[in-house]
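This is the structure I have questions about; it appears just below.
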Amino acid sequence: MSLLTFKGGIHPTCCKEFSKDSKIKIIEPPDFIYLYLSQHTGIPSKPVLEKGAEVEIGQKVAKAAGKLSVGLHSPVNGTYMGTVMYPHPLGGMKEAIRIQVNKENSTPFKEKERAKISNIPKQKLINIIKDNGIVGMGGAAFPTYFKLQVPSSKKIKDLIINGVECEPFLTSDYRLMMEKCEEVMKGVDIVRRIINPENVWIAIEANKLDAFEVMKSTSSLFPWANFALLKTKYPQGSEKQLIDAITGRKVPEGGLPFDVNAYVQNVGTAFAIYEAVYLGKPLFERVVTVTGNVRHQSNFLVPIGTPFEYLIKLTEGPIGKISKIINGGPLMGIAQSQISSCVVKGTSGIVVQNETETLKKEPSPCIRCAACVDCCPMNLLPTEMYKHIEMNRLEKAKEMGVLSCMECGSCSYACPANIPLTQQFKIAKSRITKKVN
Amino acid sequence: MDNVFLIFLSAFLVNNIILMKFLGLCPFFGVSRRMETAASMGISVIFVMTLATVITWFLYQFILIPLNLIYLRTVVFILVIASLVQFLELFFKKQLPALYSALGIFLPLITTNCAILGVAFLNIDNNFNLISGIVFAISSGLGFLLAIVLISSIRERLENAPIPEPLKGLPISFVIAALMGLAFLGFSGFLGLSL
Amino acid sequence: MLRISPAPHITSKVSTPKIMWSVVAALMPAFIYAVHIFGERVILLTLLSILSAMGSEYVFQKLTKREIRISDGSAVITGILLAFNISPESPWWLPVAGSAFAIFVVKQIFGGIGYNIFNPALAGRAFLTASWPSLMAGNWAPPASGTLSGLPTQAIDGIAQATPLTLLKVNPTESIAQSLNSTYMLKALFIGKVGGCIGETSALLLLIGAFYLFFKKYADWKISLGYIGSVFVFSGILYYLGKTPVIPLFHILSGGVMLGGLFMATDMVTSPVTVKGRWIFGVAGGIICVLIRVWGGYPEGVSYSILIMNMFVPLLDRISEKKIFGR
Amino acid sequence: MGIAATFVFVLSNLFVSSLRKIIPANLRIPIFIIIIASFVTIIDYALKAYLPPLSVQLGVFVPLIVVNCGILGRAEGFAFKNPVHLSFMDGLGAGIGFTLVLFIMGTIREILGQGIWMSIPGIFDGFKILGASFTESSIILLILPPGGFLTIALLMGLFNYWRKK
């Protein structure tokens, strides 16, 4: 069987073996939890409690504020301590709710009967998803309720469940599929009922063959599902590349998946949807892979708002001196300026690097090897685009498609001359969009 | 037929008017910073060169020779070219505004393009007949177009190259021309055509 | 103190020096073989060429107060390739002059590594050919245990001084064409028992080196296949039409087609970056090479054909832009 | 070549300047061209009569002095606005400058390219500057067209370098 894939891409060492076999471990919450008001695209949520109020696990502590916004729920029993400015994993200091943790925690959420679930109407399901604060768990953190409201003019043909997890090191989705396959599939079923697609695909990369088999073993329970094994390649998990690999349809430039009648949802999100609908449990904890240069690379079930520092300690600390902490995978993740940044809904992993891994490489002149050209999944010409940006010709860069760049980092990864291509495109993109506004 | 083909090959590649004969260097270096303008220039040159060659050929054969006024040829030719360019400019402006806006600014420059005059002279010196002359002019023009498009695309690529300061601009363009000429030497001796 | 830097936080282990030194390694089999068949003089010429290339680069970077980059291996490649393109009987100053020209005029003036338009070694060779035609065209030495023309000594009288391609150019008679097309001759060319430039004798060893580079993706096989393939096909057509008396296999094995098609045309800096551009680059180069061989003024057209295509690279890059995903 | 150009430079500047009062401004370019062309024709024929080999070597380049931008430029820029004696000096200066550049280029290309200097075909074989051994292995490229481009480029580079200093 030939594996499905897209054109371009890179083959970094996957490094998943470090944490692959670490089962999802429920951890003791830290003493304090910091819930950033902004951990989804859209307007930050608004706190709803008075300072000093007691909160229960799963209780709403902040509400959605307008379009593209969702609420926040306390992951612990504790005391609401007001808001503070705290380092955000996506950069800068952001306002966060501080909760002092009361150590007596128990999960009051129980699964409901299946028959009941199938009677819930579509709009109500969407409302449940919204009320429970669910956002895309793959990293983008786009509010899921909004994404599920597909315009009626667009008929969804293919629903793709993204279990690709192509970033090296990360294994949180993998563990979820291994341990919670039925729950994930139940979540998929809900999405399926909301958007009513012709086909449902469960997409998994070939380096996670065991997860693929496990998921496939549920097919007697979920006969509508198709299972697609994809070639191991970065960025196979990117929405547009995934749709291309599975359906052969290309999302038009500047367009969205539903323009080609496709809809992509991450497995983590499917699991969160399951929990919200079946257990009535809001999104307040998630699986986070803590890996890289630490003693015991692990997958933890982490309360949202747990400081990175705390999680690194739970792995029995780093080997050598920490020089870099990355929120997310090493290719698209963001380097932290503070070790005290806390887990947000979009944090799929934390990668710790030491001095030797972060040796800064000086850029040298481009030798036109075209490695970037060959690997660009968006089929751009990074080397030429970069030269135009260097000469401040943004118009030309735009014409060459810089706005299509999804900052996957493949070109920078592949460049033998260490030219910071991705960074330049990021800057160029923001300058171009600023100009338009 | 063979003869015409040889003239074409010779004028187009082997004896490329710019790289091997040093003619038309002003526009070659002056108008080759951008490829689009360079291409327009090249096309204008082909156009004017062919017309000029035809007209001067007729003048030479049917007026200057019979009247024994060959010594006036320099004066006559340059006047013909200058007025031809003027005339074309007016004509385009009126009749073909689209073409005018594309070639407009290049037409006056062509007057002082020695390639045009040079080709007209070479045409007479080589004793070409009318057909050969036209082929010669067109292929010389094509040679000019090829060379100017190539050098402009190369110069565009070198725009952000860390060329040593004193060599930036014209000097490096001359080096490119030299190396292009070096590569064009590969065509020398083609079908027995010599430099 | 945590280090902050933009994503990505890992990079591939490929670096410019690594690519360059791999190319040097890939050229080694052919070099060692050249020493074996032509004697120690090959070592002297190649070393002088490399030293001249590295020295010129050093002097230039020192004079212009730039970072000294001679250890990245690119100057070494230029030196080796230039030496590969001259006769083993050349005077000692020839590779020195060629490499110096290649580095100063063709590479460094344009801004150094990555910015040169023309392949330095090839332009250096063209410079030598134009300047000292007699030294570049004559002056051949027969290899050990072989003959200059690759043919058995007694086969044809009075042509001991010519390489196969020169033979073909100056004396394309029926009998010569026949012996050039013989299996004996083709074998000699493939293994490398024929006189010629230092590096272009053994097709086999060049292929071995090149396959290593293809495997490592440090050279694009599409350019090589396009180039050598189009030499094969186009010379085949001309052979069929009776314009060239020798078979296509002779064309691709003789002279510099292997060296040029495998190592010079694939030079990253001076070839297009797009796949489409690379195919055009290779195929057009092969056609020009055959044109020069069959109708041109020189017996060999490889270096000029690649130089000519070098000129077209910026243009090819422009016209062969890829189709952007979803556009 | 240089001397011929100087001659035209001087004489055309002289003429233009003396006639500057009677030439109508809007017709000046064609008139300049006619004046220049006349002198070029004179030179051309003089060369043909007295130095036929040189004339053959220079070929089409002599009549092309007409379109030498420099000459027209001086006529337009200087001679048209200045009195006769100044224009004479200006033309002489420009001409000598032009000759000097040609001379330096010729020197470099001849000596390195052929090992001889100041040869004028059919008249003077030139000085043998470098020994016979070098002459045999001189850099022929320099007397080919690309060598010309290269020499100009390097001269300009040097000139720019000195000017900066």
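Odds and ends about this structure:
By written order: A, B, C and D. Residues from 1 in each chain.
Following the convention adopted for this analysis, contacts are C-beta pairs under 8 Å (C-beta built on N, C-alpha and C of every residue); 3 or more make two chains touch, one makes a residue touch a chain.
These figures come from a predicted structure and were not determined experimentally.
A simple rule picks the central chain: find each chain's mean C-alpha point, then take the one closest to the mean of all protein C-alpha atoms, which gives C. Annotation: B-D is the more contact-rich of the chain pairs A-B and B-D, by number of C-beta pairs in contact.
If you average the Cα atoms of chain A and of chain B, the two centres end up 61 Å apart.
For this pair, chain B with chain D, the centres built from the Cα atoms lie 21 Å apart.
Here the CA centre of chain A is 72 Å from the CA centre of chain D. Chain centres here are Cα means. That of chain A falls 49 Å from that of chain C.
Residues of chain C in contact with two or more other chains: 105, 111-112, 115, 127, 130, 317.
Under the contact definition stated at the top, the residues of chain A that touch 2 or more other chains are 365. Residue positions of chain D touching 2 or more other chains, listed in rising order: 141, 144, 146, 150. The list of touching chain pairs reads A-B, A-C, B-C, B-D, C-D. Interface residues of chain A, counted against chain B in their complex, comprise 365, 387, 390-391.
If you check the complex, the residues on chain B that touch chain C are 35, 149-150, 153-154, 156-158, 161-164, 167, 172, 175-176, 178-180, 182-192. Within the complex formed with chain C, the chain A residues making contact are 10, 12, 168, 240, 244, 250-255, 322-326, 330-339, 351, 353, 357-358, 360-361, 364-371, 373-374, 377-381, 383-384, 400-401, 404, 407, 409, 412-418, 420, 422-423, 426.
Those residues of chain B lying in contact with chain D across their complex are 19-23, 26, 71-75, 78-79, 82, 111-114, 117-118, 121-122, 125, 164-167, 170-175, 177-182, 185, 195.
Every residue of chain C that touches chain B in the complex is listed here, in rising order: 64, 66, 105-106, 109-112, 115, 117-118, 123, 126-127, 129-130, 288, 291-292, 295-298, 301, 303-305, 307-308, 310-312, 314-315, 317-318.
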